[in-house]
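Two complexes follow with chain A in common, the first pairing it with chain B and the second with chain C.
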Partner chain A sequence: MDQILLQSPLLTPTPIWLIALPLLVAFLSPLWGRARWPLLFGVHLGLFALALWLLAGVQDGPLIETLVIAPPLGIHLHADAVSLLLVALLTFAVALVAAFLWQGARAPHWQSRQAFVLIMLLSAGCNGMLLTGDLFNLYVFIEIAGVSAYLLSALRRDAAALEAGLKYLIIGAVSAVFILFATVLTYITTGTLNLAAIGMAFADIPAAMQILIGLLLLVGLGIKAELFPFNVWVPEIYRGSDPEASALFSGVVVKAFLFVLFNLVFLILADPAVVGRWLMILGGVTMVIAELTALRQRDLRRMLAYSSLGQVGLITLALGFAETTVVAGGLFHLVNHTLAKLLLFMVAALMLSRASSGHLDALTGIARRLPLAAGLFVLGSLSMLGLPPLAGFMSKLWIMAGFAEAGVFWPIALILLGALLEAAYFFRWIALFYRPVPAPRLASDPVGLPTASSAVTWPLLVLAVLLIGFGLAPVLLEPALNLAAEVLLDRSGAIEAVMGVRP
Partner chain B sequence: MSRAAPHPVRISARLMLVVCGWLFLLQVAVILLTLGQTATETVGDGLLARTMETGAANAVTAVVVSFRGFDTLGEVTVLFLAATGIGLLFSARPERTGTNTGPGSLDEGLAEGNPPVPTMAAPPPERVLSQPNEILANGIRLIYPVLLLFGVYVVVHGHLSPGGGFQGGVIIATAFMLRMLADPSFVLPPIVIAVLESFSGSGFVLFGLIGLVLAGTFLGNVLPHSAASTGLLVSAGVIPLIYILVGIKVGAEVGAIFQDMLEHHPHQEH
Partner chain C sequence: MLDALDTPGVHHALYAVGSMALFSIGLYGLLTRRHLLKIFMSLAIMEMAVYLLFIGLTTQPGRTAPILSDGLVEFAGTADPVPQALTLTALVIALAVLALGVSMSIRYHQLTGTTDVETMSALKDP
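Take a look at the complex of A and B:
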């Protein structure tokens, strides 16, 4: 007992804290009173630091944390270089949104205890999805993240928000049914729920059953990861929800689902080439269709939603190639997209608090009233479409260089086409923000909420600095991303760490 | 082309029926297809062989609360979210403004335990509920204490006999629901619900963290749980304690869900 106490997990924190701490703080929510937003920010900053600290310890191999009994019988957490990198990214993103809401959200629905609980549990659910090594446990965390997201989109409780919440609930429930079917079938045919054990047993089950399970997972996760043709619901929900909530959906939830999808593909399939090819095609189609549709949007939030779909398609295109350089580029773009979309959605929140609606006409000339916000929007959109020296340029360059090295050129053409379309619609919106407007229209400031303090802009400035910093010095992230890509693709290493034998 | 105004999209009941029917048929087809394809050796068998270690006579409880207790913590969290959501959406009527920037009406006071401020300009319409009839009122008066006691029994004996925190908690909540039917003035005070929810949920996580510190794994069983005491009321270490917390949480939350879904809001009657 003494020996156990000496190496107490309180002194050497384990990955379970990344899930247990947000759960504990959320359950204790009635205690916090007015300290909720600082607490949400502080907890996530702490989790971010913990994830980075753990990340430094998994450079040589994954950290397997047993829960109650050892895998493959029990549930375990699988913390490796890629899952911890994403946990760090997502907790950082939630911390910034929390800071923004703390300083900026004056609307009563964001001041409620429920909003705090929902964001905290959304983050716990996403961390659980990234870290768990068990298929059913994954389903439980998908439900936690999902239910929090449905409620966040309905939080404002007017007609638009309730419609968005209801639609999200229905489509999310359908997706969950597909994932549950796949889980049940996997357990029936392989007799195990541990992801590594499934990875070893999956090749032995009948081919027809493999295809069925794969399709069920593709539909279920494709809905949640917003891939074509399962993503028609996305713009409606982003339009009805508050931009702060959409920032969390686009920047956090979707990224967690993308990781789950690709982690399953690379872990379970001995040869991911065929499935990867199909995912690349899905990603390419998602990107082109979304960017084309974004051209026609006249509502800021819908435009951002379609742009988000386009970037998700690009990330899928890169990750599906299953080759280290391109996957590292894809993960880099995933990081950049989270940062840039958080920036754009938070700027949209600022603009919507000063304009009568998110419509094109209502936002004309808004740069006069919100010069800093409009400037940050320009920066975010330039990074999104990939202009040097911003981070989005570097990640697109990595991806295209990787494709060129491998001698595959059609994705490069698609990515350039996508960037062209992005330039077209982002410049249209930017031109509109800076268009001079007649004085009377400026004077009619709509009856909005009390204006937020200027402190609200510091989370935005942090994001802007990071976008410039990663663009100028991608070497800051390069070792971590390369290692993450190798670990994501290293199927036998991941299985060996859990099962003790190489597949 | 893109639509500028919010368009009146309704989710039609017929479409939902088709989707649900399709999913149901898919499930039936899948189950029929997999008959005879089951794996010979499953993790379930492996876990069953090791339930003796937990000291719990009920093997299902041993798996649910100990071996896969982390899943159970997640499921309790999903229920907590569902109760939070129903409280959010049903407890007070939103303003039907339809604008995007207008502040929603949210009973922040309710969450803090203060009486909620009516948010509508007009006083809420008085809903005169018909008084429950004599048979209902007296019947429930008889059955209410018995049902509560039965619920507590099922929770406390979860590690010995079929049942446990979820089942017993729902029985307790059913007792509350019957009381609400029989007695319109019966109210589960929101502050008590909030305290019970917090206490039981955080207690579950704290048991997990105590297990992490003392037994080396999250939710590890830190109290004595020898196989010799299997079958006694005090056995299986922390398993009955965690299940009692689950029972409290389920009882409080399902009870609160019933209350939120009642059409009249009990607080506006005083």
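Take a look at the complex of A and C:
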């Protein structure tokens, strides 16, 4: 930290602040007192603005922020049009969750200082994962984000939350061992940890070693990015954690890991077509299995978890195709899924604070008690399954149009099948929320906690407006997404920016 | 007579085989044990195997530690310092995760009286 602060003038807006500021604010947490939640919200809004400002400056080429020594010997941050776009998305998502917690969280475990520190560290870790240009730093940031996520999952400290936290920690540690193993083998065979330098040297190492490193990374990152068959743990953890924490896992952490996975694929492999094809198959299988399993879920959080897996599969299917239009559509869908899943999980948080459990029976007729929340749930699920004019429709259409243009039709069939299954289970839940219930069952609010003020709904309304806005005018995002897709696929450009030579 | 064994190739092969054996033991434990603490021990063994491989394969017999002391004034004949620095970092992280896992297991045991992952099923679908 000291070195970093000495290196760069304190007040210039550089990418390092996206990582350093959350860490600094987290470690100074005893100073903040009761201003914690406004601060969490304010810091992330500021980081969101910083990311947008930096994004405007990297239209022509990436910004390489060197720490201490120049790459490839030293460590650098690689801020380009796609990583900054995702940083902007994730900081915005954290800001909205912070606003929701600020206005709505009345449970003691969310009032604690730990919750504030953990969300800050989670955000620092995810931003670091997106921005770093060094393989070992990537591992460190993955662990920072991971440990904060395990603790957020167990924050409630009852048996269910601890079970979720322990399971998350064990599966996360397994993933970390595999990622570390791949890092070690990469250093032994290429002699470097700089991602761009690895990109240049990777083709020269023996094919068997390439496959081994690739498989280790696939298992390690596949666990965290929730890809089949490494994702069986997800529903249990989403169910045991509070929905506010699950919103962060599904909306923020998973997206950071998806980016890391595809960034590595496109940066390291000279010809990503074969690996991309396998990832597409993996994504397609993830989607179909998850959507089929979601059909018979009887717990709201588990249903949302499986829906999240299905969407991750769809995004993987699109990004694996490695073709600019489809990848841009995939990134658009990634944005939309974050917005819609945040909305759905926060609505779930509201509903769970008024119902005795997340089970089907306990939530029957909830729309009469929480009309606005139920309405927002409908909006979020319609965007999720892709109904016009919502954002989810535009991104699915964009992806399918890209596939059709390329003459590849099996993914389109899979996406339509997935949308059909999504419609089936979301409409089942919606019908249940609006089912009329005999009066006595509505008699009283079961939980003794004070109910949240109506101000809690404004982060939800912001998300709803964005989902409608991006659906009506996707042109708002189109230039940024197209550029991000080009940059993500432009291997030689990324390597040249760091190494000074074209591969 | 045994000098022939004191070559980098033999050393590296021994380290590679030894650490892979250790990794397999850890993986086996992870997949077959049900006690929470034994699972954490298996994870620690897997991590140790990776560190051993890293340190073992990036140095050679006769190399010294990359530290300027004992009259040493330049970095000649020293081992590559990067793996050692990385392993130290990774050790600290692994220790922190392990301590967190063990303390969460203790709390879980206090609440439920169980340490068996097979019986942890409160989150399965009813």
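One rule holds for everything that comes next: the second predicted complex is superposed on the first by the 489 of 503 C-alpha atoms of A that agree within 3 Å, B and C clash if a C-alpha of one lies under 4 Å from a C-alpha of the other, contacts with A are read in each partner's own complex, and residues count from 1 in each chain.
One rule holds in what follows: a residue touches a chain if its C-beta (ideal position, glycine included) is under 8 Å from a C-beta of that chain, and two chains touch if they have at least 3 such contacts.
Bear in mind that the values here come from a model prediction, so they are computed numbers and not experimental data.
Trainee: Superposed on chain A, are chain B and chain C clashing or fitting side by side?
Mentor: In the arrangement built by aligning on chain A, the partners chain C and chain B clash.
Trainee: So, A:A176: does it touch chain B (first), chain C (second), both, or neither?
Mentor: A:A176 sits against chain C, while chain B stays out of touch.
Trainee: Touching A:G133, do we find chain B (first), chain C (second), both, or neither?
Mentor: neither
Trainee: Look at A:A164 in the shared chain and tell me whether it touches chain B only, chain C only, both, or neither; answer first, second, both or neither.
Mentor: After superposition on chain A, A:A164 lies in contact with chain C alone.
Trainee: In the overlaid three-chain picture, which partner chain does A:L151 touch, first (chain B) or second (chain C), both, or neither?
Mentor: both
Trainee: Considering only touches as defined above, state whether A:G320 meets chain B (first), chain C (second), both or neither.
Mentor: Once the two structures are laid over each other on A, A:G320 reaches no partner at all.
Trainee: If we overlay the two complexes on their shared chain A, which of chain B and chain C does A:G392 touch? Say first, second, both or neither.
Mentor: Neither: A:G392 stays clear of chain B and chain C.
Trainee: Which holds for A:L28: it touches chain B only (first), chain C only (second), both, or neither?
Mentor: A:L28 contacts chain B only, not chain C.
Trainee: Please name the chain, chain B or chain C, that touches the greater number of residues in chain A.
Mentor: Between chain B and chain C, B touches the greater number of residues in chain A.
Trainee: Output check: A:Y187 vs chain B and chain C. Expected answer is one of first, second, both, neither. What do you get?
Mentor: both
Trainee: Please write out, lowest number first, the residues of chain A touched by both chain B and chain C across the two complexes.
Mentor: Correct list for chain A: 136, 140, 143, 147, 150-151, 154, 157-160, 162-163, 165-167, 170, 174, 177, 181, 187-188, 193, 236, 297-299, 302, 359.
Trainee: For the complex, give me every residue of chain A touching chain C.
Mentor: Against chain C, the touching part of chain A is residues 136, 139-140, 143, 146-147, 150-151, 154, 157-160, 162-167, 169-170, 172-174, 176-177, 180-181, 183-184, 187-188, 193, 235-237, 239-240, 297-299, 302, 359.
Trainee: Under the touch definition given earlier, write down the residues of chain B that touch chain A in their complex.
Mentor: Going through chain B, the ones touching chain A are 1-2, 4, 6, 9, 11, 16, 19, 23, 26-27, 30, 33-34, 37-44, 46-47, 50, 66-71, 73-75, 77-78, 80-82, 84-85, 87-89, 94-106, 108, 111-113, 194-195, 197-198, 201-202, 204-206, 208-209, 212-220.
Trainee: Going by the contact rule set out above, which residues of chain C touch chain A in the complex?
Mentor: Touch residues, chain C against chain A: 23, 30, 36, 39-40, 43, 46-47, 50, 53-54, 57-58, 82-83, 86, 89-90, 93, 96-97, 100-101, 104-105, 107-108, 111-112, 117, 120, 122-126.
Trainee: If we count contacts the way the header does, which residues on chain A are in touch with chain B in the complex?
Mentor: Contact set of chain A toward chain B: 1, 4-5, 8-10, 14, 16, 20, 23-24, 26-31, 33, 65-69, 72-75, 107-109, 111-114, 117-118, 121, 124, 128, 136-137, 140-141, 143-144, 147-148, 150-151, 154-163, 165-167, 170, 174, 177, 181, 185, 187-194, 197, 201, 205-206, 209, 212, 236, 296-299, 302, 352-353, 356-359, 446, 448-449.
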